[in-house]
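Written below as C-alpha cells is the structure these notes are about.
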Amino acid sequence: MIPTQTANLQLDSSGRLKHFLTVEGLSRELLVKIMDTAESFASVTEQTVKKVPLLRGKTVVNLFFENSTRTRTTFEVAAKRLSADVLNLNIATSATSKGESLLDTIRNLEAMHVDMFVVRHTDSGAAHFIARHVAPHISVINGGDGRHAHPTQAMLDVFTIRKYKNDFSKLKVAIVGDILHSRVARSEIHALNTLDVAEVRVIGPKTLLPAAVESLGVSTFHNLEEGLNDVDVVIMLRLQKERMSGAFIPTEHEYFACFGLTEKRLACAKPDVIVMHPGPINRGVEIDSQVADGPHSVILQQVDHGIAVRMAILSMAMRPDLEASAGDRS
Amino acid sequence: MIPTQTANLQLDSSGRLKHFLTVEGLSRELLVKIMDTAESFASVTEQTVKKVPLLRGKTVVNLFFENSTRTRTTFEVAAKRLSADVLNLNIATSATSKGESLLDTIRNLEAMHVDMFVVRHTDSGAAHFIARHVAPHISVINGGDGRHAHPTQAMLDVFTIRKYKNDFSKLKVAIVGDILHSRVARSEIHALNTLDVAEVRVIGPKTLLPAAVESLGVSTFHNLEEGLNDVDVVIMLRLQKERMSGAFIPTEHEYFACFGLTEKRLACAKPDVIVMHPGPINRGVEIDSQVADGPHSVILQQVDHGIAVRMAILSMAMRPDLEASAGDRS
Amino acid sequence: MIPTQTANLQLDSSGRLKHFLTVEGLSRELLVKIMDTAESFASVTEQTVKKVPLLRGKTVVNLFFENSTRTRTTFEVAAKRLSADVLNLNIATSATSKGESLLDTIRNLEAMHVDMFVVRHTDSGAAHFIARHVAPHISVINGGDGRHAHPTQAMLDVFTIRKYKNDFSKLKVAIVGDILHSRVARSEIHALNTLDVAEVRVIGPKTLLPAAVESLGVSTFHNLEEGLNDVDVVIMLRLQKERMSGAFIPTEHEYFACFGLTEKRLACAKPDVIVMHPGPINRGVEIDSQVADGPHSVILQQVDHGIAVRMAILSMAMRPDLEASAGDRS
C-alpha cells in the first residue's frame, strides 16, 4: 500500500522491501513494519533453540570489500538464526578496482543461485550500484557504504529508541561527534525525521559538521552542554582515530574535554535520557566509562536489537510472501 | 560395470567413483553418469529451499594450499546444498613444504573423521599423493593441482556443452590461449576426447603451446581465425598476468590483437557457436566484452552448472550406495 | 553431588560443569564423568550421519586471540557434530591490548545471545578473566592460555590412556620435553594426579623444567632412559622452534641426541607402553618417525578422541539439564 514509491529501487512493484540500501525514501509505514517484524524476532533469541526455519535453503553472501568483523558477525548470526547458509567473502578492493570486474564478481555469485548480498564497501553508492545491476531474484542489503549510509544501524537505533520511549513525535534526539564522516549519522537523521521526532540535533566541532547540514532537517550545536539540554536520547558517534592526525581536531584529550560525554554533562539532558553508541566505543575519547556502563546507557541493548532488526530485514527482503502476516502493529 | 579399470586409483573395486583426481583414465560411461547426476541436481538450485539432505552429517574439508576464493566458494556452496558441513582450511604451502608434514596434516584431519578433502595445490600431483595415502573412508577431489589437472572444471565444461549441443561426436571444439600452463586445458582435452568429439583444436602462439601437444589428440593452430573456422564451441583460457612479463608473449595489447576473441573473429565459427571461459575473464585481453556479454556466451551458465556438477561429484564419491538409482540416461 | 567445590568458578551451584578453564580443582568424579560422556559420543563419529541435535540453535564462538588452525578446527568439528552454529573470530591481540576493550568485545558478543566462548589467548588467565565477567547464560572453555593450561588437551590425553590401560592407580606416566613452557604439561599433571596415577614423571633438561616442579606432585629426571624405565605411558611434548635460538637448548640435533624418543630408548619402558604427543610433531626433533608411526604410538587416536572429549565438554557445559542421564559409569 505504498503506491507512490514503487519507483524506489528498494521496493518491488507492490511496495514491499526488495533491497535495503538507505533509509531515505522509505515510508514511515515501512520503517514501522521493520520494527514490528524485529519485535517478533526478539523472542527467538530468548528461546532455548534460537533458530527459525524461515530462510532454510537460502544463501546469504557477506560481500565485504571493507573489513568489519563486527558488522559481518551480526549479519552472520542473524542469517544463521533464520537457518540460511552464509558465505563470507572478504574481497580486497584492489582486486575489483574497475567497476566492470566488480560486476563480473557479482554475475558469478548470482550464477551460483545465491539469494542475498550483504555489501560493505568503502565507496559511497556501492550497494546501490550492485542493486541496480543484480538479477531479479537477489536482494541487496547495504552493510555500510563509504560516508553515505548504514541503514541497518539506523534501524536498530530507532528500534532501540522505541523500546524505551513511547512516542517518537515528542522526542528530542542529539547526535554527537564526527557528523561529517559518519554514514551512521546520515542514516539516523533520515530515520528519525521519517518517524517524525520533534527535534534532531547534531552536536560537534565546526570542522566535523557538514556544510549546510541543517538542510537535512536538524539543528546544530557546537557546545555539548547546550546541545544536550532537555534531550530524551543521546547518540554518541565513534571518533575515528584516523581523524586525529588531520586538521579536524587537535588531540584526543582536547576532544574529550569539549565533546566527551561525562555524567556531569549528561545531567543537562532529561532525567530519563538514554545514551546510545554504534560501537566500538573509545572510552575516554568520546565517552566516559561511567556513562558507557552507567544506568542511562543502552549500548549493549543496541547490539541485541541489531540481531533482531537484521533478521527482520533479511526475512522481509527474501520472503516477501510472508509479509502479509507480519506487522500487525503498523 | 567398468571392470577393466578397477586398478584406477579413482575407482573402487566395483568401478564406482571414489576419488576425482583427473579425467584421464575415466570411461565415457562414468563421465556421462556424472553429467546425468548433475542434471538431477540442476533442479535443486531452482527450488525455493535449495537443499537436499544427501550428505547430512558428512564433513567436507576445503584444503587449499593455493588461494582461490572462487573455486573454494563453488565447492562450499555445492557441499552446503547437499547439507554437508564444510571446513575451510587455507594452509600456506610453506608450513607443509615437506611431503612428510603434508601427510601429518592429512592424518590429523582423517582422525577427526572427516569424509572428503577438496584439494587445491600449486604442485602437480598433490591430490593424487593425498588420495594414495588417505584412509579408506575418505574421498579426495582435485580442485586444481599445478599445471596438471582441474577435472571438475572440465566436467562442468562438457556438461555445459551437452546442454547446448546434442551430439558430441559431431562437434568441433577450439581451446584458445595459454595451453602450456593451463591445467584446465589439459583436463578439457581429456574429457572431450573421452566423449569422442569429432575434433579438438588448440589455438595459441607457439610459445604457449606445449611441445608435442598433438600427442594428446588435438590439432594445433597458430592463427585464431583459421582455428575458429567452422567450430561449434570456443573455450577461451584466462591469460595469467604473470606470463606477460616473460618471454611468452610481447604485450597485452599485442596478445589481444592476435588472439583476443572479437565478434568479427567469432564470425568464422558456426552461426550457433557457444563461447566458454573458466573465469575470471580479462576483458580486452583474451576476450572482448561484446563477446563475453554477447548472445553466444555461456560463461555464466558455466558457473551455474559448476555447482550442479560439483554436487554430483561430491555425492557420487561420498554416497556410492546411491549410485544404483542415479544415471538413468547413461 | 560435589558440594565442597561450589565455590569453584567452573561449577554451578549444583556442582555441574559451567565453564572449563583448568583441570585444577575439579574432582575425580567430574573428570570421570567427562570421559564417560566422551565415550558415548565416540560412537557418533562412527555413524553414517555424524550429527546429534544436542546443541541445535546454540551459537559457539571460537574466540582466538592466538592463531591455531588445529585447535580451532577440532572445536569447530565438535560443535558442528552437536548441531551448533559456529562463529570463528580471529582477533589480533593488538586490537584488544587493554583489558577494558577485551571486555567490550565480550559484552558485544554476549549481547548477540551467543552461548559459549572457546578462548585461545597468549596471556595466562585470559579464559578465567572472561569467565569471571561473562553473562550468566554463557559458558567459557579454555582452548589454551599462555603457559597456564590447556585442559581439553589434558582430558583427551587421559581419555586416551583409559582406552588402553585399565587402572589409573597402577600407571607410571612420563612427560618428556619442554615442561617449563608447556601449558599442556601443566594440565596433564593435574589431570593425572586427580585420577590417582601411581607416578607422574617429568623428563627434560634442567633449563626446561620449572623450579620446584616437584611441588606439583611429580618426580623429575634429566636422563631420558632412566626416566622411561618401566613406564606405561610416554607423553612427548612439542619442542617449540622459538626455544631453539635461546639459551634453553643448544641445537635441534643435540636435543634429539639427548631427549629424542627412539625405538631403542622406548625399549626401556614397559613392553605395552603407549606413546602420545599433542601434535603437531617435529619428526627427528623430539620424536623419531619410527616411533611416531610405530606400533606403540596412539598419536592419531588422540586426535580422534579430541573430538569426542570436546563434544562431551561442550554439551555438559551448555546442556546441564542432560547431565542426569549421562555418565552411568561414573
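Letters A, B and C mark the chains as written, and numbering starts fresh at 1 in each.
Here, contacts are C-beta pairs under 8 Å (C-beta built on N, C-alpha and C of every residue); 3 or more make two chains touch, one makes a residue touch a chain.
Remember, predicted model here, so these are calculated numbers, not experimental data.
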{"item": "Copy pair chain A, chain B: interface residue numbering same or different (half cut)", "value": "different"}
{"item": "Chain B onto chain C, rotation angle from CA fit, given as a multiple of 5 degrees", "value": "120"}
{"item": "Rounded Å distance between chain A and chain B, as computed from the means of their C-alpha atoms", "value": "42"}
{"item": "Chain B, residues touching no fewer than two other chains", "value": "none"}
{"item": "For the chain B and chain C complex, residues of the former touching the latter", "value": "56-59, 85, 87, 89, 91, 100-101, 104-105, 107-114"}
{"item": "Touching residues (chain side chain C, partner chain B) in the complex", "value": "45-51, 69-70, 73-74, 76-77, 80, 279-281, 283, 289, 300-304, 306-307"}
